[in-house]
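Structures given as structure tokens follow.
Here chain A shows up in two complexes: once beside chain B, once beside chain C.
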Partner chain A sequence: MNLIHNIPFFSIFLAMFAGIVTILIKDGDKARRLHLSITVVIGIMSFILLMYTYTKEQRFTFMMGHFPSPWGNELKAGPLEAMLALLFSVVMFLSIIGGKHLIKKEILPEKQGFYFIMMNLIFGAMLAIIYTNDLFTAYVFIEINTICSCALIMAKDSGSSIIATIHYLIMSLLGSGFILFSIAMLYSITGQLLMTQLKGSIMVLLSSGEYNFPLTIIIALFTIGIAIKSGLFPFHTMLPGAYDSATTASSAILSGLVLKSYIILLIKMYYCVFTINMIRQMRITNLLFFLGLCGMVIGSLLALKERRIKRELAYSSVAQIGYIYMGIGIGSDLGIEAAVLNIIAHALAKALLFTVVGRMKDVSLSQDFNHCLKCAAHKDPIAGIGFLVGSFSIIGIPLFAGFASKLYLAIASFISPAKMASAFIIIAASMILNAMYFIPPTIDIWSPVHESDGNYGPRAKVSKSFALSTTAFIAINLLVGLNYKYIVHIVDIGIQLMH
Partner chain B sequence: MTNMLRFLTENHYEAGAIILFGIGFLNLLLQDNLIKKFIGLNIMDTAVYLFLVSQGYIAGHTAPIATVGQKALASKFINPIPSGLVLTGIVVSVSVTAFSLALVQRLYKKYGTLSLDKVLVLLKEDKEDESNP
Partner chain C sequence: MKENGGKWEKFFKWINGETTIDSVILENSRKKRFAKRKLRHQKAKFIALRLKHSKRRIQEIICIIVAVVFIGILLKTASELPTCGKPDNPVNNEVSERYLEKGVEETGSINLVSGMILDYRAFDTFGESCVLFTAVICVAMLLKRDKNNIDPIEDQELKEDEEIKNADGSLILKFVARLVIPFIFLYGIYVILNGHLSPGGGFSGGAIIGAGLMLYSTAYGQENTRRFFTYETFKKVSATCLLIYCFSKGYSFFTGGNHLKNIIPKGIPGNILSSGLILPLNICVGIIVACTMYGIYSFFTKGDI
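Entry: the complex of A and B
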């Protein structure tokens, strides 16, 4: 077997193994260094895998252990999976180095080792969700993802973070319950758990027309489960408290990556187990399209009302998740490609925004942007520029990553006149609302503390790790924004290979 | 009505699982006491395991364990895969429950109550104190 075919397994194994090794490391700094090294190694391996699968236009199966399908377990990797693994590695690395100072400050020294155990495990779980070809394995890693997410939220150990964690846990477990029930029902009518075999069995069932109703219920249960876990409106209530009370790096990773890993599993289900035409015929896409549109508007309106910046960013995530579901709800390959493009753009922009907000909060000692974040951008100009780039990308201004995804979402909506009209109106309204809720904090962070004397106060001491992280995030954001056609091409090949 | 009753008795495992799932779901959503909420979650999980394991059961067949000196015949055994899945599911469920109870214990130490409503009121007061020192 080709050595490169082992990369998906080694990526998951390395992250999980690092989590186990970290138990033996008491020192938080060493644990962080180990985590960062593992992230770099997995990032390089994912890049090699991306080049390999992209140039060969290949999606291969990796057999786990010695049992072939349908008895054994399998991983599957193509250009889309490799690109997402690379994205996750990069965002994870940059979020940790960007939030390094706050991790040290906000998490008790004796708990920092545990924090990085969770970081390694969550990374491994997300990679497993991306690569797995087995539904029950996906469920197990969804649960690992849930527990690790909760541990990351409560790492600060304050009253509000414990409440936020319980809220997040209850909602997540509710979602897991639906997912598990749908998997159990699917197994009961097909007798399969591997996605490839499931697809074959479902095609036979569909042609007989015997199990259409149970299949609709199964797809609906799975979709609702994933929608709850990924915070689609109206299941978004767990997000603001969780992101507000968690430390910066946790908020960046939870918002930028964890929510997306569930959506990627949903897309894989729609292509590798069912077909997108079948989902469209069952009108599940219409429901997702409607909820996506609601999320885009209501998330933005709630963000507009919010005075705490991290809660505002959480509601902004609700709106962006709405964009992604709207893309899926269009129910075509192009719609899914636009949704994946939005996953990439949002992961880069939101992780950047949480990182810079953490820094600004640190230099200004508050996060109420009405007055206390004032002047924060002058205290650390890189944070100010990072905030501008992140917000421009979320709004969808050309040259930034977010623009391409919104453009493709609009193009994809041409599939039906009704969807096109509603998508165009809501995208335009949501972009205006995005701009409206980002304008007040942007003005505040660049304003002097007292308008009358124009006093900006002293500059904060430069944080090298934060500067490196923010500069890299800005560069990648612009790179994706300027070269989005290459990304779209990779996503397109990845989606076509999943058919 | 008779048909429905016959359907329910024929599929009593599945019907029981769905009723249990509903009970667990409502407990998880509506209970104010956090311990009861997590008991609801456990009932919900158990319902899924009952559903899943009943799919692998074949009346009259035995557990797939080969006896020394006797030929192992697949046709005499139940389907072992759902049982294996349920075992994995139980491990996941136990971990989640342990984690949830640890969280509840921590919350109780901080606020002295298990009522979610009361904790939310106390949390709100804490936040007001923080903003008006």
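Entry: the complex of A and C
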């Protein structure tokens, strides 16, 4: 018996358990504290798991129940999964303490308990999606993820948030439907649901040439389903409204983590079920590459046009999702590694940006429009610095986390001349566009309300939890930006072990 | 006449030397220009409307094309999938073979479906119960009465409803409900308790009990239902059932994953007290499903349980 092997199972069950227990807690503060302590515990456990799997270079399976793999459920964990679990717990923890005041202010006291139930359940569901080795389990937890994300958006209970929720729900359900279709068809041609066995059956089918057409459609449906759920370019319309109208912590978690959990599942499917060579032969990678490039440019252009800061950040997420899909679309191990690196960098930077923007909206008197955030950085300098760091990371300036991912994307695109040329041009264009849409709000938040008098107004009251969260976010962004080689190494081992 | 009067007025003003002829001409030309501009504006508006209309039209056409292509692709795929019910289908492999041949022996449950969902693949079912829980909490979050969604008219209507129910309204419904409800509950409990022996189980039995609760609430009003089922009971009961599920399955996963011995006895297949954890889990799932169904119903109709 090895206790470390139990960590994935403990993490999922702990989060789900916390979600169930929270319904009995009346007080919102207690519910929040329970959630925060659970994230800390899961974070520590994931760190131990990461160290263990990284030093041993091992990816192990954990049997969920008394029946071995084609009959019972199974979890599988390696360095990549452990690192993502660690990332998720860190971002979750910091986003919640950073957005604590706004959660208290914007959500009715009697409904804060419900909000944290959803937070716990979505955390558990994301962990389950990362760790599971079973396709149907993944689908069940995708369902929980979908419902909880809608709940997180509508928690604010304003008209706009309800409309945004309906939009988000419709798009998400469309994606879920595609995924369910593809899982059902895959089951009918292979008779398996566990990823390991599925891979074997698909290899047999490929060599015999049987069910070739359905197999292509299955992969396409699965990819489209995940693309819709993670907001890839033509399917991104649900994001801006949702992130704009949700409370800060929800926006941070939805854009930083929830979208990513689906992409991780896609990567796992490409490695553990379909194999990346097959995806490349079917030219699905080319499609993803093209859509990724479109997303990078169009997301940035839309962000440039936007006047509301949170919508601008949402469009910036669309562009970043484009980067990730471009990495997957390169279709080599290096490309996927770069994509994972971008997932990490974007989760850290975007969660920071949303937290900071929420705080700035809170301290400035009239909110929402860029020009109304004027002088917000002087009212809370930590928020201003946080905004700078986050935007630098998104733009891809060296020393910050986003730089490494863009560098690796560029390196990975060496695989083919056509991809290299287009990737280089579009990355350069997108980075310039990123800088262009981040400059106006940055100038606005640092400049005085009236140009002539140079009056910055009084400082806002320091919020300890916000300061702690932002400082930690900034530190982690810098740390990842400076030590990206270690992270690349972990991701590399994780991807190699998935083959 | 008024316009005329206006003109004459200007004329008199000019004669009196209050304005110059230039300004009158200027004003006239300005009016003309304004009229022209208005016309142009209207034209532009009209064209924009037409364009919007045609854009919508194009969108509709694209939607139809996409849908038709999609339907075609899916039909083609479905036609290439293995025919349903053939013995040499890929689905009939070692997985279903073991479920069918060793299911009774390994899970202790005669109903193989129960054995499959609550023992072989219990983790999925745990997820499904959590989906139900999430759904009902989501509905509560959205519809539970609070200061944002209280409406005096709705309050009045609800009060009137209750009054009608307490008076001798809906007599037939009440009479039939009184006859039927005990049997519905009994049948639901039977389906749940025999989930491991005969077709049925937690999900179906819970749905039956939930339907019974809804019928009771419709016939006798919410006030009467609250005598035995309030929001507090709902919370406590569903949380307890989920926690029992969480812990008992957690124990079984823990022992299974670490290759420890499971001390829960399987019993003799066919007895009511058999099949290890399946019976208690069926009861838990049944209660969760019943609570969820009734919860969603009453949040949608009354905004509270």
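Rule of thumb we're sticking to: the second predicted complex is superposed on the first by the 493 of 499 C-alpha atoms of A that agree within 3 Å, B and C clash if a C-alpha of one lies under 4 Å from a C-alpha of the other, contacts with A are read in each partner's own complex, and residues count from 1 in each chain.
Methods note: contacts are C-beta pairs under 8 Å (C-beta built on N, C-alpha and C of every residue); 3 or more make two chains touch, one makes a residue touch a chain.
All of these numbers come straight from a predicted model, not from anything done at the bench.
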Which of chain B and chain C A:C150 touches, first, second, both or neither: both
Which of chain B and chain C A:I411 touches, first, second, both or neither: neither
Touching partner for A:S188 - first (chain B), second (chain C), both, neither: both
Which superposed partner A:M420 touches (first chain B, second chain C, both, neither): neither
In the superposition, chain B vs chain C on chain A residues touched: C
Partner chain in contact with A:V297 - chain B first, chain C second, else both or neither: neither
Contacts of A:F62 with chain B and chain C, given as first, second, both or neither: second
Partner chain in contact with A:L478 - chain B first, chain C second, else both or neither: neither
Which superposed partner A:L206 touches (first chain B, second chain C, both, neither): neither
Which superposed partner A:L174 touches (first chain B, second chain C, both, neither): first
On chain A, positions contacted by chain B and by chain C: 136, 140, 143, 147, 150-151, 154, 157, 162, 181, 185, 187-188, 191
Chain A-facing residues of chain C, complex: 73-74, 76-77, 80-82, 89-96, 98-99, 106, 119-124, 126-128, 130-131, 133-135, 137-138, 140-142, 144, 146-149, 235-236, 238-239, 242-243, 246, 250, 252-260, 262
Sites on chain B touched by chain A in the complex: 21, 24-25, 28-29, 34, 37, 41, 44-45, 48, 51-52, 55, 79, 81-82, 85, 88-89, 92, 95-96, 99-100, 103-104, 106-107, 110-111, 116, 119-120, 122-123, 126-127
Chain A - residues contacting chain B, complex: 136, 139-140, 143, 146-147, 150-151, 154, 157, 159-160, 162-163, 165-166, 169-170, 173-174, 177, 180-181, 184-185, 187-188, 191, 193
Contact footprint of chain C on chain A as seen in their complex: 1-2, 5-6, 9, 13, 16-17, 19-21, 23-24, 62-67, 70-73, 108, 110-111, 114-115, 117-118, 121, 124, 128, 134, 136-137, 140-141, 143-144, 147-148, 150-151, 154-155, 157, 162, 181, 185, 187-192, 201, 211, 213-214, 217
